[in-house]
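One structure below.
Which chain is which? They are A, B and C, in the order written, and residues in each are numbered from 1.
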């Protein structure tokens, strides 16, 4: 129930940031809904396709799709408010990231997948929404360039997986992973933590 | 049978527009066949992957893939004729869009999916070919920016779904949806109908 | 066993070329691992998703994913060595291409798919890694523009398929396809073979 609430908050916040991105590219209302939905539920969709985990969440529960489309469609009217309160959205997005990571790990565990794949599942669920948004909007994929985002998802998943295996109980595992994952992401933002960057200037003959 | 004929016309027309796009990017013959096929059968492929609906149409019936490759390969020889008769292709594409929408809705209904998902299935089948083409050719995705395309697919699917539920019979539902979907698309082109556009100029710190 | 060895060599070489590409785009270490893995195992992943062939190789055997991530991560330290020895990598990549093509054909044959689809499976396995790399790195997809790459994969698959159907035995079919596929690719590189290019300069009103 806690996780479902955070999931809905997460997809709403992600849908709105996706819609802003569509607005920056001057898309029409359909484009706005499309990018909003891809950003919000793209991560879980890619994960389920990679694992052959059918039916997809939004196919079985179309109201999630309605939420992301509505969140996308109202964004044009509240865009300046969203822009002024971006810190709020960054916070909601961090909450959503932690929730997505736990859900992704849970799905892979329920399928009996390898521990490493459970953590990769957290990562995929956490990052692919933003990655799809950036590919569709034709901008450099943020999550591959800077900011601690993928690592937060991976660590949150690893923590949740370990706590469940240590038999601390579903609730404690969920709350602890949420708090630590959320705190990790917010700390990374505040202190500007990031991974080292690989710069390679290649002769043009190499590809 | 009618639907199959329109499907073949639709994938042929879409393959040719995809091939023209590949030609504008100076791709080689393989690139031409690849973009042609992705444009023509990409929509149904994405739909079937999202719904876990296997085997894919072109895997079970490889002759559809042969059709799109051949249509792509002959495009370089008839490119100037195609360019001069673009109105014909726009018409065939509109026919194909209506046919794709009905087929997409049919597939989802046969799988027993939620009514909203059946209409979304029409939309996915109708738009994802062009979306993949634009992503592969690295150009702004037309269908997210302007023109009534996605809405036509959605409305055609909604109409077909409703008529089937109203028990008017398969043939009447198909023909009525085809005629109205096709007419809606052609009217949208002629009168320049489009959805409102969301323009958002963001401070660069937002993403 | 031979094929497994070549597969590991192939994914290692492809992961390193993917990592170099990520370095040219100034990605961080996660981006490097991501692009490396997508380049190396993206082809097999796309093939298995298109055919509904679950579980994916790297989901069932996560050590392949570990190999590509490690190969990606060490690339920054050996980048100048890799760049100086690019001919070695081109050779390993050609070996990997032949191995990928045979594996792709084998998977499709084991699923009882149509002969043409078996050859298309070789092609998909061979090219989609590089295609995903280019899409993620936002550069023109090499394989659609020049160089004989897709055709090599297709021909290697066709040869393997024919030899198996001629009952020459698994080992002979594999070795012969490897040698000829590898030789074909190296010859194409050395002699600059390529497919004809389709150039089409369109009036801007066409799309």
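To be clear about the criterion, contacts are C-beta pairs under 8 Å (C-beta built on N, C-alpha and C of every residue); 3 or more make two chains touch, one makes a residue touch a chain.
According to UniProt, the chain labels map to these proteins: A, B, C = Trimeric intracellular cation channel family protein.
Not measured: the values here are computed from a predicted model.
Visitor: Tell me, which chains sit next to both chain B and chain C?
Guide: The shared contacts of chain B and chain C, listed by label, come to A.
Visitor: Interface check for copies chain A and chain B. Shared numbers divided by all numbers used: above half gives same, below half gives different; which is it?
Guide: Different; most numbers are used by only one of chain A and chain B.
Visitor: Degrees of rotation, nearest 5, to put the Cα trace of chain A on chain C?
Guide: The two chains, chain A and chain C, differ by a rotation of 120 degrees.
Visitor: Suppose each chain is reduced to the average of its Cα coordinates; what separation in Å results between chain A and chain B?
Guide: Between these chains, centre-to-centre, one finds 29 Å.
Visitor: If you look at chain B, which of its residues touch at least two other chains?
Guide: Residue numbers touching two or more other chains: 49, 52, 135, 138.
Visitor: So in the complex, which bits of chain B are touching chain A?
Guide: It is residues 49-52, 113-114, 116-117, 120, 135, 138, 140-141, 143-146, 150-151, 194-203, 205-207 of chain B that touch chain A.
Visitor: Which bits of chain C are touching chain A when the two form their complex?
Guide: Chain C reaches chain A through residues 17, 19-32, 34-35, 45, 49, 52, 54-56, 59, 62, 65-66, 75-76, 79, 83, 86, 135-136, 138, 142.
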